[in-house]
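Shown next, in structure tokens, is the structure this report addresses.
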Amino acid sequence: MSGEGTGQPGQAAGWDRQQMADRLAREFQDGWIVNLGVGIPTLCSNTDLGDRAVIYHAENGVIGYGPVLPPGQEDLHLVNAGGQNVSLKPGAAIVHHADSFGIIRSGRIDVTVMGAYEVSADGDFANWKVGGAKGGGIGGAMDLAACAQRVFIILEHVTRKGEPRLVRQCSLPVTARGVVTLVATNYGLFAPSGEGFAVRELAPGISLEAARAATGAPLFG
Amino acid sequence: MSGEGTGQPGQAAGWDRQQMADRLAREFQDGWIVNLGVGIPTLCSNTDLGDRAVIYHAENGVIGYGPVLPPGQEDLHLVNAGGQNVSLKPGAAIVHHADSFGIIRSGRIDVTVMGAYEVSADGDFANWKVGGAKGGGIGGAMDLAACAQRVFIILEHVTRKGEPRLVRQCSLPVTARGVVTLVATNYGLFAPSGEGFAVRELAPGISLEAARAATGAPLFG
Amino acid sequence: MPRSKTVESFAAAVADIPDGAVIAFGGFAGPGTPYNLTRALLDQGARRLTCIANTTGGAHQPRLPDVGMLVENGQVAKVICSFTAATRPTDVLPFTKYHEAGEVEAELVPQGTLAERLRAAGAGIPAFYTPTAVGTELAEGRETRVINGREYLLEYALPCDIAFIRAWRADAAGNLQFRLSQRNFCPLMGMAAKLTIVEVEEEILPAGALDPDHIHLPGIFVQRMVQVPPPPEGLWTIRRQERAR
Amino acid sequence: MPRSKTVESFAAAVADIPDGAVIAFGGFAGPGTPYNLTRALLDQGARRLTCIANTTGGAHQPRLPDVGMLVENGQVAKVICSFTAATRPTDVLPFTKYHEAGEVEAELVPQGTLAERLRAAGAGIPAFYTPTAVGTELAEGRETRVINGREYLLEYALPCDIAFIRAWRADAAGNLQFRLSQRNFCPLMGMAAKLTIVEVEEEILPAGALDPDHIHLPGIFVQRMVQVPPPPEGLWTIRRQERAR
């Protein structure tokens, strides 16, 4: 565990990327079908879940993938949705893109974990378009966000300029509305509650005051 | 060929079932994808088409089936839409029912040949429900009728009571409207023309007068 | 670890099916038909069922367990089929007299629409448009829409509580392979149902024994599997040695 | 007899593609991407194309032929993609400056909706409802419908003139197998297109050499096939000996 500090600049306070992913992954239940977004969410697959078995689903129709393979051992025909050369676990199956999103839309994904630019107190989130951009990168995010049983988000608590990412209302175009139930940041674990965010857990070295100061909506300890 | 007679009762005038099927099958062009309905239409697959190759499609997802297998040589896992134990030709492929009807609805079937109770001058036909019945037997007929490139019908020219089956307007609930382009009966080959039926060919021993007397709409020689 | 999906008997596999369940029955003219599960349901006795199948069955002899027998056994409130009467008016399905007497409701659906409504349910599509049945009695009073100059009929997804299907091979993860025309409605029903129960012809293999590229229904859609025992206990037993290929 | 579906060169396979064609490009993060056909189209020079693909490409080096290159080459009027910008705002796709300059139109479609619109085109379904994108900018001003208490967005089929796809194995009848995540959009695009052109990794086999139960796209959807030659002529050549499995 990193971070014995008090949240002061220059100190390694809070969770690192793997710890954020670990914290959400520990919510996964035995038998769940899990879809991990590109970036930090993929680190959830490194988490040791003990005797709980989850099935990782990728948008491109890979059901039951395993660890990323080291260079030289990749199978070039096999990638996850992030383009990583993964392996297959016993019992894996391949479907085409329409069947893969049929699995998503019909509610078979128990949880999707995604990155985001912003999450609102109402459970809205934004992750496909930055302000002023003409294009966007939606990928499978809107399908997953609208249809998965649970949407978990991982993001840094504040932007590089220090502005909060947990806000009352999203300023960017949303990916879906009212769907986020759990958010892991480097500051801790939070749940949108409508009026603000419920603090489920604070990362080591993060005080409630520090978290409040860095959050754009009320925090309920 | 049967029928040297003049169409008088007791004489073997007109085409038999295989001849009706042969006449329509000779319209099949090289490379066509063909769906044959239960009953007389299945006899089309017996017709020698020379060097023209057609692909037989069955509603249950069998693409490229061949002749019915003799008793003792059947594969119990393989049936056509009529439940006959058929064989597969080289290059056959199997799909599920939704993909099979996707092939139908997207217009990939060049011709469907079906039986019917009635065909109208407008190209409507009826083959799923008899008068007064509460239930019906639609099967794949409505999908095929609405979406195949061509709908050919094979039927006896008159009912057992001697009433015409080629009529101005169908008296039974229709399967689809305005889709039939060619009809083979024991009397010959006919094409719905709106005002009546154009006579494309008369079977041996069938006079135009005899055909007119047995038809419930004008015949145009 | 997830519990095994293999159940030791057909009776155990259907024991908890409640009255009022919506059940889809795979199969088309024999292959894929869950005869053994249907027989177990006849014994189990659940009532007021809605049965989805291509046909109510009973057109041919010798007769094997079918939806029509569940009707005769007083277990069915409604059927949703592409045949509720025989194709030839001279044939009469066993189902017909119950339907004509008003004892069982019937929804007659064109076969392609039936397949697509099941597929839609499994794919999270609540409704779609189709050209099939436009201008017919089945479209009377229903919503249509003109798209690019052609008229289409609005159809809704057909979700099921339970699917009964029959497969050729399976692995312990529930991945299924259907052989030849056994496939028909089976994978669609497996995707449309909340609980998919499968009768499997061959021995159930360890997870990983089937090629991931050649799975017709992924195991995430399959909850219970029963291997078909040898005859006479197992109905319509087809083992490797009995196949031509 | 039907003529052979095998074409001797990529140039010959794309020679008659007209200006204004709507072309779908298979592939997802590498596997299934028709690099060789795309390169041939860059040489062939057809213009005012509408290009359907998951992404315009160009996010990674070394760069292989992609839709973005067709844009840079002045051949594209419109793209329909689930990514018209990179996921990370710090990355910039080559396509972006053409889009921002108004030189190319872009329709941004969620990935599942893109797949389903292609599937609908191939399945003769003109339109359907989906829960995806409801409440977002993409749904603004568009038709929605409440079904069983939930709001859905109306989406239309996405038919294509031509599909470019890449397969693992094929037989002379045009039956295709895709290996692992090579499948992705490829069979859907093959079904949605009037003309499907395939680059095939392995030697094209005689009709009947592939198990009819294990065909991912039936030959009736495939019109032209070109076998990928060895490098350096063939791009992204993956032969049996280079695979881990």
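Order of writing sets the labels: A, B, C and D. Residues in every chain begin at 1.
Note that a residue touches a chain if its C-beta (ideal position, glycine included) is under 8 Å from a C-beta of that chain, and two chains touch if they have at least 3 such contacts.
Quick caveat, the model's predicted, so the values are computed rather than measured.
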| item | value |
| --- | --- |
| Smallest number of contact steps required from subunit C to reach subunit D | 1 |
| Which of B-D and A-D has more C-beta contact pairs | A-D |
| Far-end chain from subunit A, centres as C-alpha averages | B |
| Approximate Å spacing (C-alpha centroids) for the pair subunit A, subunit D | 29 |
| Centroid spacing, where centroids are CA-atom means, of subunit A and subunit C in whole angstrom | 38 |
| Centre-to-centre distance between subunit B and subunit A (centres being mean Cα positions), rounded to whole Å | 58 |
| Multi-partner residues of subunit C (each touching 2 or more other chains) | 116, 123-125, 130-131, 179-180, 183, 212-213, 216 |
| Set of subunit A residues in contact with two or more other chains | 88, 94-95, 98, 101, 104-105, 147 |
| Interchain pairs in contact, sorted by label | A-C, A-D, B-C, B-D, C-D |
| In the complex with subunit C, residue positions of subunit B that touch it | 38-39, 58-62, 69, 73-83, 88, 94-98, 100-101, 104-105, 129-130, 133-143, 146-147, 173-177 |
| Contact set on subunit D toward subunit A in their complex | 28-31, 54, 60, 82-87, 89, 93, 95-96, 99-100, 106, 108-113, 115-116, 118-119, 130-138, 168, 179-188, 216, 238, 242-245 |
| Residues of subunit D defined as touching subunit C within the complex | 116, 120, 123-131, 145, 147-148, 150, 152, 156, 177-180, 183, 211-214, 216 |
| For the subunit C and subunit A complex, residues of the former touching the latter | 1-2, 121-125, 171-175, 191, 206-208, 212-213, 215, 218-221 |
| Parts of subunit B lying in touch with subunit D, wherever the complex brings them together | 30-31, 33, 51, 53, 55, 57, 63-64, 88-95, 98-99, 101-108, 147 |
